[in-house]
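Data first, discussion second: the structure below is written as structure tokens.
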Amino acid sequence: MTVKVGIVGATGYAGAELVRLLLQHPQAQIAALSSKSFENMPLSEVYPAYTGFCDIVCENQSACVDKSDVIFAALPHGLSEPLAEECLEKGKKFIDLGADFRLESEADYKEWYGKNYDCPGIHQDAVYCIPELFRGKVEGKSIIANPGCYPTSAALGLFPALESGIVEVDPIVIDSKSGATGAGRGLSQTTHFCDLNEGFSPYKVACHRHTPEIEQSLSCAAGKPVKITFVPHLLPVNRGIISTMYTRLAKKVLLQEIHEIYCEKYQNEPFVRVLKMGDTANLKNVRMTNLCDISLHLDARTNTLIVVSAIDNMVKGAAGQAIQNMNLLFGLPETTGLQLVPPAF
Amino acid sequence: MTVKVGIVGATGYAGAELVRLLLQHPQAQIAALSSKSFENMPLSEVYPAYTGFCDIVCENQSACVDKSDVIFAALPHGLSEPLAEECLEKGKKFIDLGADFRLESEADYKEWYGKNYDCPGIHQDAVYCIPELFRGKVEGKSIIANPGCYPTSAALGLFPALESGIVEVDPIVIDSKSGATGAGRGLSQTTHFCDLNEGFSPYKVACHRHTPEIEQSLSCAAGKPVKITFVPHLLPVNRGIISTMYTRLAKKVLLQEIHEIYCEKYQNEPFVRVLKMGDTANLKNVRMTNLCDISLHLDARTNTLIVVSAIDNMVKGAAGQAIQNMNLLFGLPETTGLQLVPPAF
Amino acid sequence: MTVKVGIVGATGYAGAELVRLLLQHPQAQIAALSSKSFENMPLSEVYPAYTGFCDIVCENQSACVDKSDVIFAALPHGLSEPLAEECLEKGKKFIDLGADFRLESEADYKEWYGKNYDCPGIHQDAVYCIPELFRGKVEGKSIIANPGCYPTSAALGLFPALESGIVEVDPIVIDSKSGATGAGRGLSQTTHFCDLNEGFSPYKVACHRHTPEIEQSLSCAAGKPVKITFVPHLLPVNRGIISTMYTRLAKKVLLQEIHEIYCEKYQNEPFVRVLKMGDTANLKNVRMTNLCDISLHLDARTNTLIVVSAIDNMVKGAAGQAIQNMNLLFGLPETTGLQLVPPAF
Amino acid sequence: MTVKVGIVGATGYAGAELVRLLLQHPQAQIAALSSKSFENMPLSEVYPAYTGFCDIVCENQSACVDKSDVIFAALPHGLSEPLAEECLEKGKKFIDLGADFRLESEADYKEWYGKNYDCPGIHQDAVYCIPELFRGKVEGKSIIANPGCYPTSAALGLFPALESGIVEVDPIVIDSKSGATGAGRGLSQTTHFCDLNEGFSPYKVACHRHTPEIEQSLSCAAGKPVKITFVPHLLPVNRGIISTMYTRLAKKVLLQEIHEIYCEKYQNEPFVRVLKMGDTANLKNVRMTNLCDISLHLDARTNTLIVVSAIDNMVKGAAGQAIQNMNLLFGLPETTGLQLVPPAF
């Protein structure tokens, strides 16, 4: 079987990373690309690195949809819903790397994104899916809401602790640090080389739109509503997210027991590495891959469990997980095309 | 008046930064340098940048002490106490950039540094001094314990909140990120270029030796014992520390009121800039200076006050603050030689 | 004496660096700033690093001129000529950090910049000045053409070799590498963090506009026309230029003799350091200063003299040299306000 | 067919990169690893990125040889010859990533490496091989001298120009810039993060050991002895080499004609991309791949052809080319396991 894939918003960073990974996927074929800014231009003119690998010319959205079995959309929020509707009508699958289908509560969506659903009728066909946590919900769905980068790192890191009840649901502090690809290809003073290089700062302190998405997953894990304090920071590196997460123990428990809970939870997950006790997650070790490294640390002085997770924001945090979701949707082994070895340097 | 200064441990990063700043100090003169590893070598051979600015040849410790009014020591812990004793005997002032005199409790020192005081008798002559917080305690002392880099950023950031009682003393989470100069000039795999560049990770999670030093200052602010959770991270930049600090509000209070408390606390402090509400501290803006920038953020959803502080770890976090302390010790205006403009890029 | 300084184009990188340096200049005072893009905004809103140091509000050009004894202009080419004319009429000195007055030949200017002089009459009042090489020409002039960054590094590096006749005038290859501040504050894909970080490339190969300016200085040194091959590259660092320059020896000569020629040429120049034989210039050692480091290397196998020069492109390559020229113009010691110690890291 | 591969010197950077690439090679299997410094330790303890991908324990050299069909050696010079002899005796193929077999002239080897051949008898079984240029010479050989990183970038860039006689053999200037992995995993002040970050400098000016190796290939291209001036520089990036090469035209020729010569020479080479006229090679576009990008530029003012080549020093400049040579040696398509898509960022 070969899945024909279309990418709408192909010239953004998530789109470009999808291309890179799909070119190495044995059962997928890039059928068409679409881009508003670069219509009629070959992708390799936007990204010269791809010359000879992907010289496909960007088309308009509809042409792209028609040629494909599944459409990946990497668009600003608000633009995916109508496109998803078109895909459903044409009998295509839809994987959204944007935010339109991530929040199950329309009220939350309105609060954080400032608008209601445009196509409320199709949300029943959609499911939010971090495969390691929610793959059971995918069956029968045609739209997958691919998780955000920070929410992926946070949910994989805290889910076992909350699910097992070893930590309190309050307070939870998530201090995340992301590489600059997270800010996208668009130009801004913040990501101007001379500004970011040798700089470092938090941004959108306690008001980032990934907050409710993280809370949605953690509430699911805890079985009750969870509120978090979330502060993202911008790192002067290209790729990767480290989330350092602080929770209070709900009972007396040894680090070793916590470690066992995590190991058991993820024992069959090829993309999650629970590091051995004493080791610490580093974004270096997961770059260019779909891996999530998790390290566990106990601050016995303050009864605090510290979980550190590391992902590549462009792979497990975007394009890689989207392909993992595509594999799931088409009945392929989840690892197909994603068995990537992280470079040592 | 010209203060004759000796630097013991001059070829480490803190020593080298002292040299740079003292060369621009109008009332200090570098009288002698000492280095174990580079004895008999001019400093400018170790740091070619200094050629023509400081070609002083490194001597042994005693020669260095004899030529100076005040000795700065930038040594591994355990080595400063006997040197301080020698200085006292010779009637010299002593400013320790190491850890030997930072903890008032010998029990804490033993717990975190694994040894007792070697010279307990001289600790009564020593005082721990972040000038903005503790300058009143310096009078009559001959030894100043210059604070660590992380403790400086944490104490300046949280002192007003704890002192005013607007936040709880528990939980307090301090998530700090430091540039690589904090790890020193010594070679290590962690600071090998290919390892750190494009990498990022926490280290010494919840077990860094600066923990009790931070707690000592915060307990002083709160008027009761404070325990913190402290996690440092290593940034792929040369200079600077950002500490992102999370505390729970003790009462209903507006961000504006908190902002006023901070502004009032630091209104006469030339080195502390409380940023206006809405702005966020960035280590970029304090590089090469003795400044500490502080920004305040309220997460109303979780009742959390988030304080972000930014310093240059080598200046306000080490050499600059040491000179500020020297100025204090010798009755000079604290800003003498430290009115440095941060480069915009 | 206090010189009242106005800066037109103050919010660009060269303008901002002028501000930083002038704030530390004991005999200059920033009287006014002007900016088209940020008129009516304080400079410290554009560069938060300057908060408390320079909160001057940007005005229009004429207001800026009126308040000043000397005007620094950091403008795109073509805009300085009319401003210089206004300054002359008002009896002000003018220092141009742009290209309008750099080329003595209007034909060259037309060839490389695509236009004729707009105000040919005032060019007789202008002089191109790298002080170490051309300070004798300044007397009686009111306009100084401050040299470009690459031309400064090239001319200081090759002048003694050409002037003394030890090298041929052909071929001369200049392979230069500049930090990203050279590309300015304006946003571009080339200086987007994710593009430049971990990237490296030449640009404007053999067609950069600094080519005729370099040739003008080298022809002056050689006493006959010189043509060069010049290729600039963009480095993933903020500051600094390394120029590696290749020339053929005209006669049998030892490296030591060449070294002596250079040492003699620059023996009284506080800003030029001719490194001792065996050492190699590194941009690290001149950052944040007005220094130019020069190292000399002989490839006896191919009879090639290799000269390496290092400057900070924003200081000796722009703002610092402009202030050096201001000092010259106002009869101050050239080093006034420029005795800056390079940081060791 | 599955080739059983042993790697001696597996824990150095070249060894580690071989592991990464071989794990993705469909017809090779890592049979054994050897390391002096880390004997009896799993590779994934040295490089935690490899955890779960390569946990093979390092053995001694002989054990490693015995288990393998082909041995890759990544050793300091002088250590490969005896190992190669052992391999030959045991009927194994040998691919040397070091320098012992690169120079055909023992006199050159002695001049640049300070010693004679230890095992002169086996040099007849060895061949130096950049496959695109020399693959015809491999037949019947058991030892392949895998080229150095700089020599690969230089030879691929200049071979067509010299072979076709369009440029003079003198002067030739090669100004190369390499990422820090080229300096290896060993700790040094030069590659200490704080020293290299925001720094840049040439090193081993006109005396780097790759000089005779480059000359050997270029002399082969020109059909007569070639001497070059070669200056390498160390870039603050992890991977990649840009070589900017300057040669004089031997006759009147248009850039388009030169471009055609290059396109024809490399038309069937999957790893060489001759960029279209007007584009410029950037190391960004070849990272993590076995590609060599070449751009061509004419300086008509000085009659100079400027060739810019870009490779990943660890792939085409080391491990990737070694695998390409292994493929050649075992009759596999050269691209097997090497069809890697460069990341766009």
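Miscellaneous remarks
In this document, chain identifiers A, B, C and D correspond to the written order of the chains, with residue numbering beginning at 1 in each.
By definition in this document, contacts are C-beta pairs under 8 Å (C-beta built on N, C-alpha and C of every residue); 3 or more make two chains touch, one makes a residue touch a chain.
Note that this is a predicted model, so its numbers are computed, not measured.
Each of A-D and A-C has its own count of C-beta contacts, and the greater count is at A-D. Centroid analysis (C-alpha atoms only) places A farthest from chain C.
Computed from the mean C-alpha positions, the centre of chain A lies at a distance of 39 Å from the centre of chain B. If each chain is reduced to the centroid of its CA atoms, chain A and chain D end up 37 Å from each other. Chain A and chain C have Cα centroids separated by 47 Å.
Residues of chain B found to touch two or more other chains are 13, 181, 194, 197-198, 236-239, 282, 284, 287, 345. Residues 170-171, 173, 175, 177, 194-195, 197-203, 205-206, 227-229, 231, 233, 235-240, 242, 244, 246, 248, 280-284, 287, 297-299, 301-302, 304, 306, 308, 310, 345 of chain D are the ones that touch chain C when the two sit in their complex. Residues 13, 180-181, 185, 187-189, 191-194, 196-198, 236-238 of chain D touch chain B in their complex. Contact residues on chain B toward chain C in their complex (touch as defined above): 13, 16-17, 20, 23-24, 47-53, 181, 198, 238-239, 273, 275, 279, 282, 284-288, 314, 341-345.
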